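These notes open a run of structures that come right after.
Shared between the two complexes below is subunit A, which has subunit B as its partner in the first and subunit C in the second.
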Partner chain A sequence: MNRSFFQQKRDRNETAARALLFMSALVCCLLVVLILGFMVVTGLPLFGQNQAMDLLTGAWSPHNGGYGIAPMIFGTLWISFLSVVISFPMSLGCAAYICVLGPHGKATVMKRCVQMMTGIPTIIYGFVGVFLLVPLIRNTAGTGSGMCILSASLVLAVLIAPTMILFFIQSFDRVPRSWLDAVDALGGSRVQKLVYVVLPACVKGIVTGTVLSFGRALGDTLVALMIAGNAIQKPDSLLDSARTLTAHIALVSAADFESMEFKSIFLCGAVLYLITALVILGARLIERRGTHE
Partner chain B sequence: MIKRAMVATVTLCTALLVALPIHANSLDRFAGLSGDLKIAGGTAHIPVVKEAAKQIMTLNPNIRITIAGGGSGAGIKQVGEGLIDIGNSGRRPSDKEITSYGLSLHKWAIDGVAVVVNPSNTVTALTQGQLAQIFSGKITNWKALGGKDRGINIYTRDASSGTRSVFWKKALKKGEIAPSANFVVSNGAMKTAVANDPGAIGYMSAGFVDQRLTPVALDGVTPDAASIRNGTYKVARGLFSNTRGEAQGLSKQFIDFLLSDQGQAIVKEKGFIPVN
Partner chain C sequence: MTPPKIKIESLDFYYNTHQILSNINETIPENAITSIIGPSGAGKSTFLSLFNRLWETTPGARVEGRIQARFSDSFMDINDPKLSVIQLRRAVGMVFQMPNPLPMSIFNNVAFPLKLAGITEKETVQNRVTTAIKACGLWPEVKDRLDKKATTLSGGQQQRLCMARALVMEPEILLLDEPTSSLDPRSGAMIEELMVQLKPRCTLIMVSHQPDQVERIADQVIDFTPGSESCR
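For the complex of A and B:
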């Protein structure tokens, strides 16, 4: 009898705990769906006026009644893509050094540094970018204000590097010990170990990490807001000032509620949500396929 | 939110360390009061409001005043929604804003909007026509205006800015601003941008102009205290502190203080034109 009493009590506790955890999971999921719903509902009136395509693909010229967000979509994609391109070789090299090439002591110190980098607030990067990088780019390029896609991408590359590096390291660490031992047994060098064993085994992890940090770059606001210049034009060159979707939302959210400027930020939000969701989904799919093989 | 983080929220608890001001008479109104006063909005207002807050909190540590930026639009919106006690704006709120939020307006200074360039720039006078052509992107090199052979980098503010709306109406005569213009988020950020960029042109609160920038004479009139006061420099506006409904309690005392002799002295000291 005593025993069944405890049994019952434990069961009850377990049910309660399970219910509680289920609730928190549910809230998280609902929140994601609700936010999307909010974006769609608030953005819907724009589509009703038969100008959805104009808004998505047109130019931004409030003077002539044009509120197209295409320049911001281009700005976002340019800056994010370029930052990944810059960050990728840097991150891959860093991860390879930490996991395979470097001596253990130095590698540990470097890994700690990278972990610390994840904690640096974005505003610090933005600040340093404005005072050090922007004048440098302006003087080197000789034209423009220095607030441009290139400057923003360079800073953003540093910002997303830790995400990429830590993801790569995680993936490298999953390579079976026996494979690495086999390379040593064959008398292979560290570089050979990296090139012929580790990298081929981690292709999926590398792709996933890269795609996820692309998602991180897409969502960042402050770096672009402070450094990219925020001009609303379709950028033609890396030295052009550009505005990202996120920066647009930040800049316009204080404008008059009734204005078209203000309404356009819901479309920006929806587009940003969609792009980021697709990117994350893509990354997860690749990852999934990786573990099945 | 992000903008508010950028234009750093200034909590002035450290003001306790500063010595008591000599003329404490206008500050007597704060004796015995306590509580929080939240102020946000126009970035031109910040130097004056900050100094006033410092004096008040030095006298009476039971009063806590927080000051944030965000732009005039944000100030009006936030005070209208009851998020803050005083919303500053560098333009007169529109009739629609006044009626829908039930705002009451308190103008305590007059401020010019000065066109500014980098000190290394030799172009220090422009006509209104030239200015409009620069901002619309028709003139793209300082050489065309008699300056050095250097590209013109335009800096402007976002739609929330009162400085922008005044500049656009009175200096550009509602003319177009080129899509290549860079956007900055406050008067302070404008100062940093123009002071660091030799090819820059921008516009900002005349009270913010210092030796790191050169103010440009517009149609022959340099924006200074005298020309703004007597109206020969046309691009000017009032600095407003708005409350929802009639100002009450701490908000009322604060605004009354800004309008007192002592408050107006701060206004003058910070480079703005007193109203009284």
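For the complex of A and C:
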């Protein structure tokens, strides 16, 4: 008997595929939650011996039983914030040139370059930083090893720039064509188009991109590990050496598995996780409100 | 017929290697409505974009031949690289098929070209904006809500606002790309009436798909239909 054309066809393959894809999605989501849980649970023994606040705000002195991660939190925030401050004007200018100011051909080539930058391994940036930037900073500053917050932030700024630029470009490209035509037809220059129409329309996209790049800077390990000097101290100046949470985890994880130092890195992980999650959630909230009218 | 405002001589237009317009020779009379008709894809909008060089924003576009327009009693080549495209666009206004108000208030939309031109004197701006809005018959409808977003207006009102915005610079030439095609008949009629009123101070060039509209208001017709008399 012929199956009716409109009869719903129960396809076993379809059901199986759905189940499989659902499982993949579920695993991904669960992993996010499980990893946070894992870090909190493994970090718990620390709370037994010390006060929680001591861990977050105290100094790091394992010999005296002090496992405070405050220096690393400061180091992370300093380096990430500074890298965003350095990268922002560069990225905004670059995106503006590519989307609004530059001639089409040149802009296309530049956009390809930026896209390529995202694919360069982090270690290359670190490597170039160590051999080119660190000596330069050392000689210019006249003191220290050159391995400092400033050096790390400069390299990190280059590392996060493509993220920021591509996000800005995406935001600029969403400005309705009719608005741009209107400005062109009214005798507006490219700069006027940028200042009066594109930037005001993209404020929220710009904020979101910047915040997301801050998240990217927070999570980067290698650049700070190679260039920031890794001294465990609360930094006072840009030329001070500092250690980030990520670098701390990388360095300590080489230590004895049973030591308290080792257990403390789970707290570092949890703190880093939370800061990054908050930043990304914040960015998404801004983005959701920031659609064009 | 009024004296010529624009003279087009052996004009070709290309997108990359694709030829859109070939060997066009036309004269556009001053203080009249010239209507461009023809099927979709015949290059009508492209033809319109020649007069304010808006085609330059499209990558790969290229023009050959001469277009001369008469500004202050002497003809000049529109495509002369020495001619500032920004100055040209301030003298040649344009109204698009879809109303395209900018994301700002009604007042600021009309004041925007003045801002672009660096005219900031408050009283001048106020007067010119008011005059332009009145000229488009929009004043009674918007005078109490000039600070409201332009997007709160109806489609027909938005289109008249766009006309006011184009007119605030007192252009000598006004280009209109199917200005009534997205509007209801009543709004369309208002735009048509406005165009006729503008003739004494403006040269109007309009792309139209509506034969009855062309019949009603056009003083000259350029037909882009393949095989027609004035088709190139």
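In the analysis below, the second predicted complex is superposed on the first by the 275 of 293 C-alpha atoms of A that agree within 3 Å, B and C clash if a C-alpha of one lies under 4 Å from a C-alpha of the other, contacts with A are read in each partner's own complex, and residues count from 1 in each chain.
The criterion applied here is as follows: a contact is a pair of C-beta atoms (placed from the backbone, for glycine too) under 8 Å apart; a residue touches a chain by one contact, two chains touch by 3 or more.
Predicted, not measured: the structure shown is a model, and the values here were computed from it.
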| query | Overlaying the two complexes on subunit A, which is it for subunit B and subunit C: clash or fit? | reply | fit
| request: Determine, under the contact definition given at the top, whether A:Cys99 touches first (subunit B), second (subunit C), both, or neither. | output: neither
| For A:Pro135, is the partner it touches subunit B (first), subunit C (second), both, or none of the two (neither)? | first
| Can A:Val279 be said to touch subunit B (first), subunit C (second), both, or neither? | neither
| message | Going by the contact rule set out at the top, does A:Ser61 touch subunit B (first), subunit C (second), both, or neither? | response | first
| Touching A:Met147, do we find subunit B (first), subunit C (second), both, or neither? | first
| field | Superposition-derived comparison: subunit B or subunit C, residues of subunit A touched | value | B
| What is the contact status of A:Tyr196 with respect to subunit B (first) and subunit C (second): first, second, both, or neither? | second
| message | Looking at A:Gly188, would you say it contacts subunit B, subunit C, both, or neither? Reply first, second, both or neither. | response | second
| note | Once superposed, subunit B sits from subunit C at a minimum Cα distance (Å) of 46
| task | State the interface residues of subunit A toward subunit B in the complex, per the touch definition above. | result | 59-61, 63, 71, 123, 130-131, 134-135, 138, 143-147, 221-222, 225-226, 229-233, 240-241, 243, 250-252, 254-257, 259, 261
| query | Hey, which residues of subunit A end up touching subunit C in the complex? | reply | 104-105, 176, 178-189, 192, 196-197, 200-201, 292-293
| query | Quick one: in the complex, what on subunit C touches subunit A? | reply | 52, 54, 57, 59, 86-90, 93-94, 96, 98, 100-103, 112-113, 115-117, 149, 151, 162, 165-166, 169
| query | How about subunit B: which of its residues touch subunit A in the complex? | reply | 2-3, 5-6, 70-71, 73-74, 77, 151, 153, 155, 158-160, 176, 179-185, 192-193, 196-197, 199-200
